Amino acid sequence: MARLGENRWGKSAVRISKVHRGADQDDFTDLEVQILLRGDVAPAHLDGDNGAVIPTDTMRNTVYALAQEHLGHDLESFAASLCDHFLAKDRIDSATVSIAEQRWQRVGSHGFIGGGSERRVARVTAGGADSGIWAGVEGLVVLKTTGSAFVGFPKDEYTVLPEAEDRILATSVTATWRYSAVPADTSATWEEARALLLERFFDDWSASVQHQGWMMGQALIDAIPEIDQVELRLPNQHHIPFDLARFGLEYQGTVFQPVAEPYGDIALTVIR
Amino acid sequence: MARLGENRWGKSAVRISKVHRGADQDDFTDLEVQILLRGDVAPAHLDGDNGAVIPTDTMRNTVYALAQEHLGHDLESFAASLCDHFLAKDRIDSATVSIAEQRWQRVGSHGFIGGGSERRVARVTAGGADSGIWAGVEGLVVLKTTGSAFVGFPKDEYTVLPEAEDRILATSVTATWRYSAVPADTSATWEEARALLLERFFDDWSASVQHQGWMMGQALIDAIPEIDQVELRLPNQHHIPFDLARFGLEYQGTVFQPVAEPYGDIALTVIR
Amino acid sequence: MARLGENRWGKSAVRISKVHRGADQDDFTDLEVQILLRGDVAPAHLDGDNGAVIPTDTMRNTVYALAQEHLGHDLESFAASLCDHFLAKDRIDSATVSIAEQRWQRVGSHGFIGGGSERRVARVTAGGADSGIWAGVEGLVVLKTTGSAFVGFPKDEYTVLPEAEDRILATSVTATWRYSAVPADTSATWEEARALLLERFFDDWSASVQHQGWMMGQALIDAIPEIDQVELRLPNQHHIPFDLARFGLEYQGTVFQPVAEPYGDIALTVIR
Amino acid sequence: MARLGENRWGKSAVRISKVHRGADQDDFTDLEVQILLRGDVAPAHLDGDNGAVIPTDTMRNTVYALAQEHLGHDLESFAASLCDHFLAKDRIDSATVSIAEQRWQRVGSHGFIGGGSERRVARVTAGGADSGIWAGVEGLVVLKTTGSAFVGFPKDEYTVLPEAEDRILATSVTATWRYSAVPADTSATWEEARALLLERFFDDWSASVQHQGWMMGQALIDAIPEIDQVELRLPNQHHIPFDLARFGLEYQGTVFQPVAEPYGDIALTVIR
């Protein structure tokens, strides 16, 4: 004779980002949230009666909806407000909200360096036609809360993307450059190249990832005489405005859903 | 003096699943698609003029839209039809479409076992209050194209999920059971338990993941006397109907977007 | 005033493979083991006195040493024998051993297909000089317990690898082939190509990964007229004989340590 | 008629770390190296003649051997010296060496913070017996090049680990603490707790991971009155001295092999 023991349900891996817009600078919060509920749901298990089973999709929506008003730097407070929200529902006995915040390092007023996937790379081929010396950086995650647009693109029957005069731009930079002559101090040159890539990403307004990438590659060619070619790969790490209007909320341009897949995949080569 | 070299743009990691409904049985296709275009987009890089830059979001939509009509078992043919679609656009010179198909193993008329993450697990604790012997399976990915519903759930201001009388149900089963007595042949008992879990998943109609999980756990308790407790964790691997109506297409209930995150996270314990 | 609460220590992610050699066929077991101990180790925490702290490296060695004699198909029994071994030590109160077994599918007498990372791939490029149609398979994990050697290689001051007249060979096949003409039924041709790759891997004795790869690629060229080029990448997934002699045990050629990194990285192209 | 086209072989994912010992402070380099060779190895493919096939295991050993003398901050120079080494061998036509360097942030004279996996976490449970507020950090990777020992442990027939009076200690800190009362500013308290964890890891000599962990947990209890319990999980990310003596080289205590698996798995709770 079987009977129901401990049980819970919820939503895991809810990713949410929020821009805290300020007069002089923006802050940026990047979270992964999990909500787990316990309650009087034995009828759902035993009889297929979902009368108390709050859909996990609703839990997800609630995270975004409450984030617009309640999400600040105090994660525990935001978690508590989510708990309170669900505890007020019928037949819910307990709520657990877990939050993990990705750390970003501020650069300037609207820029951030994230993650820790960054690696300096070097590649030397000797012997044969492909001989050469390459240096580069991979996994350099950068994000800016403003300073990027995407408008004027062609439309067809499958286009629903709205034009964006101002949007979040985030990418994981992979840049590789070829040395026609080895610099005197390859580490110093690498640091200079990295600084130029960041400067052009954070300081230059761009009309697209392509436009941004061109300015980044061009800067290396212009500033470092030993470099004769730059290859850039710039996956677009989309942060989608989350539609709060369907909940009767006015969207304030602060709450976003980061999506890992699919992603825009932009690559270009800049040559001297 | 910098100039633009090789470049391309596109969309990577477009995940799409399609059910090929048949009279007696369904087929199921699970793809990851990448589209890369080359064309006359130097103005986008150099001047921020996006006139030829087909948005990668449009590429994604096109995959789903064309899949409804064109996606069968011939992947090369589907890739070619996507190439043709984009080559017909202004200022596009070349298109590359790459497809990777996850393999699923058919079980019965509407069921599939997927992935290869499945592992048999065993855990023994000796000494102390927690002593016991546990066995189980983890990462057993299963999907059925019909035989699952989710209706009658509570609604609030953040609920947009439609009721579903019939939906795809997919999960990665983690089931662990405790032996009150060690079976004579633990491998044979493990095989029996695994078969029961699959049978109940594929054969029993369910009103929710919770309902499905209960029937799976109950079956182990009923059939195997040495088991006195079963813990199940059943993440809901959502396959979302892709909205084709906004492109003027009639949705035929065959094209879905699998999403890895967030996911419904359901766990329960069944005890004797 | 702080005091020590619950604590435990152990070794996680101990990977071990064992060949069960039979008269007509071999069996193969592939495990990941975790050992966690509890005991009287407060002095280690508070005073740095390691008198009861069995090194986790010793735990690892014990897994391999006991596996030679005790590891069969009954995982619970092997876990229990490890528990007993550690419980017999001074000041150990409790032991938990967890095992996860990767599932392999037998092919023939000494071959196995593993994992579930296998994907069918297709790639079409239209427009431009690179136009073409490619098909392939990736992540097809295969292992054979005999039928592969590696001898006669050059030695220098950094060579310690012993010659092996007979060894385990395992790889994750990525094979991609170009069609000069599209086959009538691309799915049937794909199945034929996959079957040929497996046949040549499992049936043909090889003197190296390179040798094995050549026979696999050659088979596709010979059998399928539409294929004019095959690219193979065959990472060598090493299974290292675990040195039991230092424990006074005679090594029986059955217990191995699979290592994920580094790995031998072999690639070749076969053309018509 | 099949013939051999492009081919190469090598070793990928060779992980190596090096300590650059200085009078006042150490530097630390953490690399992943790949070596790929091309040469006259058609006989290996076609006839199983390995006369020119330098074993990939030898390539790996060469990385460690040359690193002791040649590896500094100039990655391109180290890559070039590896290329030169292999090009000097018989029947080798071309060598490509790729290096990726993980970036570590210096803290004090012998400490480093690595990776970017660090996340601030918060967990609130409301309703039911488990109610409580937890905060913490996960994935905080730290390493020190000195200031840790492991001696005086019990030995048995499977113990081969040498006693170490001074070793590299590296871990990925997961620390979670429970608040008996919510601090006025949870973000400020979190920063304080993180700083204490780092201080105790980098400043306190330890006799084991257990000893280090105790001091870390104790510091939180002592300094922050709102915390009544700390849970720590400290996987030991081993850096194994690479045995160069078998190549006739004197080991200088600077070259290590980081291994991802298996890993020592230490957990403890510190309570008020």
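As written, the chain order gives the labels A, B, C and D, with residue 1 at the start of each chain.
Note that in this section contacts are C-beta pairs under 8 Å (C-beta built on N, C-alpha and C of every residue); 3 or more make two chains touch, one makes a residue touch a chain.
Computed from a predicted model, the values in this text were never measured in an experiment.
Peer 1: Using the contact definition stated above, find the chains touching both subunit B and subunit C.
Peer 2: Touches both subunit B and subunit C: nothing.
Peer 1: Using mean Cα positions as chain centres, tell me which chain lies farthest from subunit C.
Peer 2: Max centre-to-centre separation from subunit C belongs to A.
Peer 1: Could you tell me the distance, in whole angstrom, between the mean C-alpha positions of subunit A and subunit B?
Peer 2: Chain centroid spacing, subunit A to subunit B, equals 23 Å.
Peer 1: At what distance in angstrom does the C-alpha mean of subunit D lie from that of subunit B?
Peer 2: 35
Peer 1: Find the geometric centre of each of subunit A and subunit D from their Cα atoms only, then give the gap between the two centres in Å, rounded to an integer.
Peer 2: Once rounded, the distance between the two centres reads 27 Å.
Peer 1: Any chance you could list the residues of subunit C touching two or more other chains?
Peer 2: Residues of subunit C touching two or more partner chains: there are none.
Peer 1: Output every touching chain pair, sorted by label.
Peer 2: Pairs of chains that touch one another: A-B, A-D, B-C, C-D.
Peer 1: Provide the residue numbers of subunit A that touch subunit D in the complex, in ascending order.
Peer 2: 32, 38, 73-77, 79-80, 82-84, 87, 92-103, 114-128, 130-131, 133, 135, 138, 141, 179, 182, 185-187
Peer 1: Residues of subunit A touching subunit B in their complex?
Peer 2: Touch list, subunit A to subunit B: 1-15, 34, 36, 41, 44-58, 60-62, 65, 89-90, 150-161, 206-211, 213-214, 217-218, 221-222, 229, 235-236, 246-248, 260-272.
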